[in-house]
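Quick heads-up: structures coming right below.
Shared chain: chain A. Partners: chain B in the first complex, chain C in the second.
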Partner chain A sequence: MTREIERVAGIPVVQIATIVPIMLTVGTNRIVPGVAIPHPTGNPALGPEGDRAVRRELLLRSFKAMTTDITEQTIFEK
Partner chain B sequence: MTYRIVHYINQFYAGIGGEEMADHRPELREGFVGPGMQIEKLFNGEGRVVGTVICGDGYYGENTEEARKACLEMIKGLKPDILFAGPAFNAGRYGFACGDIAAAAGEELGIPTVSGMYPENPGVELYSKKTYIAITSDSARGMAKALPAMTNIGIKLLKGEKMGPARLEGYIHRGIRKSFFHEKSGAERAVEMLLAKLKGSEFRTEYEMPVFNKIPPAPPVKDLSKATIALISSGGIVPKGNPDHIRVSSAESYGAYDISELRNMTPENYESIHGGYDREWANVDPDVVLPLDVMRELEEEGVFGKIHPIFYTTTGTGTAVANAERFGREIGEELKKAGVDAAILTST
Partner chain C sequence: MRLELHKVHITGLAFAEKTYTSGGTLFICKDEAEALIAEDRRFAKVELDLASPGDSTRIIPVKDVVEPRVKLDGKGYFPGFFAPMEKAGSGRTLVLDGAAVVTCGPIVAFQEGFIDMSGPGAPYTPFSNTYNVVLCVEPEEGLEKHLYETALREAGLKLGVYLARCCSENEWKADEVQVFEKGNTFEETAKYPDLPRIVYVCMNITQGLLHDTYLYASDLRPALPTFLHPNEVLDGAMVSGNCVSACDKNTTWHHLHNPIVQALYARHGKEINFLGVIPTQESTILDGKLRAAGMNLSIAQQLGADGAIISEEGYGNPDTDLCLNAKFFERAGIKTVLVSDESAGTDGASQSLADATPELDAFISTGNVNEMIEVPAMKKDIGYKEAISLLSGGAEESLRPDGSMYVELQSIIASTAEIGFNKLGCEWV
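== the complex of A and B ==
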């Protein structure tokens, strides 16, 4: 889905998910590793504030991913 | 002799539980558990399942190195002659775990390993070159056929019998080509193939081209402060009540919802219907799967232009690749028409 959206729309699509090898297999170009399978963009164990902080950091990293010029599949680590 | 068989299965086939138990840590049980009983039966007295290694799919996916290490230790201790993993059918995380542990056991212990998967399982592309993967149907309804297929391959490997080509033996080809003398030269065979192709009759290539489902990366966003960003998810986040009846798994459709007036996803307005992960956290706060709340904050702070008013969503579990690609094409068309600059897609 990620790859087809990127191909058809011609825009960067950043995928946030947890199992990186699957994203590499399906052809995602800009990869941001998520927190956990059932809560990729948050960490409820850290309480409401910690949870939001995690989300904010992931989104800022996603913005960095979409504004970075890349030539191949790239994993954007913290 | 009696072969020592070890079987790897997930929490579900061990009868421990479904998604709520997906974080179950590696555990060793003596003898067979679940489908291993039938594997032992199919060995017809020539093999015994000496132990079953069980691990939750979520745990294996999220802590792959630790899970692999713990499972390998357990397998090693059982001194197996062969490892069976699965069958995983079309369960993506289970297929990943089965492929990973089979590949690792084969490499570390030098024993034959056999799994079973539906050809579209992501575990296939990752591990088909490192373990034998018998072709199965896409769901557990195909168990009665999957186990003999896996066992037959396993017995052949144990007995050192000649392994035929993948398409005849019923496993997914491992990219291995064996040399042999053919009565006809390559030129003759190529011309025969060409003639068959021109006539429109069937022919089979001797060298399949790999399918690269990769594309060059799109150019980056130039000015983030003016960019419109779309939010998309395959995490099953839908308006409360799932008005468009998107399927909880094997989705055949996606939803498009107006979120222009929405600041925050709460249990009152949105929910998760995804059938492939524990929805406990997503249903307390859907923002842990679709991060709308902090996106709104960042929008107000002027970090980027604006959030695209339409949010696209589906469930990505057991979903046919062809369907997922179609959703992608259709959503891509709409984003292009709307002049969206980038997208963030979250998956579980």
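== the complex of A and C ==
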């Protein structure tokens, strides 16, 4: 889906998911590693405040990924 | 370490005044067995039923299958569950070979399955060939899912141990004694210095949320990969706590019978030097997957392994664990053969694993989980046939008004079991 949105609509896509090797295999271009499969975009183990901080950081990193020029598949680590 | 499995071949089931075995029939005192399971106050209702090969019977939804066993020179079975926390794998074990306890009840989670005792669905599951004591329960109202899973898992083990213990306390005679004997890795390597050293990596679903496997009654999810003598696996060290897709869950029965362990054992000292078993994790976190693959390799390297057989449990994200294991081992010079099923779509044309790596170059397929199958109505349903609408491989429209079903193979228990206990394979086209 991420590849098709980029290819057909020309909209840059950032994919947040946990298992980075699968994203590399399927051809995702902008990759932000998620936390865990049951909760990719947060960490409930850290409590409400910690969870919010994780979510905010992931979102800000995704914005950065979206606005960064790339020439190959790129993983945006913390 | 020497393990003797004293097998009584069971070829019939009947309810009776007491629980014992005679002439190949397992007689069960229904009231006593039900009362034993009903001791657990988490169940509102407990009922036993029987299903034999050839019966027009469907069992649905099935959670786990357990072979009735008990230690003959110790207490109970399944260390930490219904035996003292002792090492498994040595001494004498009574096995009611051919009998199975099948646990059933209102659905615990969506990844349970069904067993048909006859008809076109029967050949896909080993449990159409076993004489099944079906434990059907209802949980008390409001019981949380994870507590229900625990209760039903333990009840299956408890009933299995009860059946075998009662038989051991009455007159019985083994039809067959199977012996598994092997020294430690250093002794065996000294004995067979020229044989290739092979380790078996047994991947297990360890993902929480009712996707767990237990080793000596300890949840493997927060654990690290470890190393076992194969006898421990064949004698009750591993227990399924899984509600993963029915087709490729390793039930507790599968662990006890692990065909890869048995096949490697049979070749030990002849073609290979079978080092032992690495039970390992499939984490929900990428670092967890990398850690497990790295530690699997570390254990294999310390044992001097030349080759590894690696079996997966489940599909989807565990395909990455499979690929990481292949990659790490092959790059370290240890040859690997991988065993897994495929999720290739109903037409078999889709990419069959979620992940891929060039090192995965020796692969044994145990079948396509998405293959469609039509199964007719059975005369008798044990459990809740409408559960098919919620099971993986089933849908709202799967159950037709006439009782027949059109479903994916993945809804049949163990139809594509990835330790190889089935009759499916693939052919090159």
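Operating definition for what follows: the second predicted complex is superposed on the first by the 78 of 78 C-alpha atoms of A that agree within 3 Å, B and C clash if a C-alpha of one lies under 4 Å from a C-alpha of the other, contacts with A are read in each partner's own complex, and residues count from 1 in each chain.
By definition in this document, contacts are C-beta pairs under 8 Å (C-beta built on N, C-alpha and C of every residue); 3 or more make two chains touch, one makes a residue touch a chain.
Just so it is clear, the structure is predicted and the values come from calculations on it, not from any experiment.
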More chain A residues in contact - chain B or chain C: B
Contacts of A:15 with chain B and chain C, given as first, second, both or neither: first
Touching partner for A:25 - first (chain B), second (chain C), both, neither: both
Chain B versus chain C as contact partner of A:33, first or second or both or neither: second
Contacts of A:71 with chain B and chain C, given as first, second, both or neither: first
Intersection of the chain A residues that touch chain B with those that touch chain C: 18-19, 21-22, 25, 35-38
For the chain C and chain A complex, residues of the former touching the latter: 207-209, 284-286, 289, 317, 319-320, 323-324, 354-357
Chain B to chain A touching residues, read off their complex: 19, 22, 58, 61-62, 92-93, 96, 122, 125-126, 213-222, 224, 227, 229, 232, 234-235, 277-282, 284-285, 287-291, 293-295, 297-298, 303-304, 314, 316, 324-329, 331-333, 335-336, 340-348
Chain A - residues contacting chain B, complex: 1-19, 21-23, 25-27, 29-30, 34-44, 51-52, 55-56, 58-60, 62-63, 66-74
Interfacial residue positions of chain A with respect to chain C in the complex: 18-22, 25, 33, 35-38
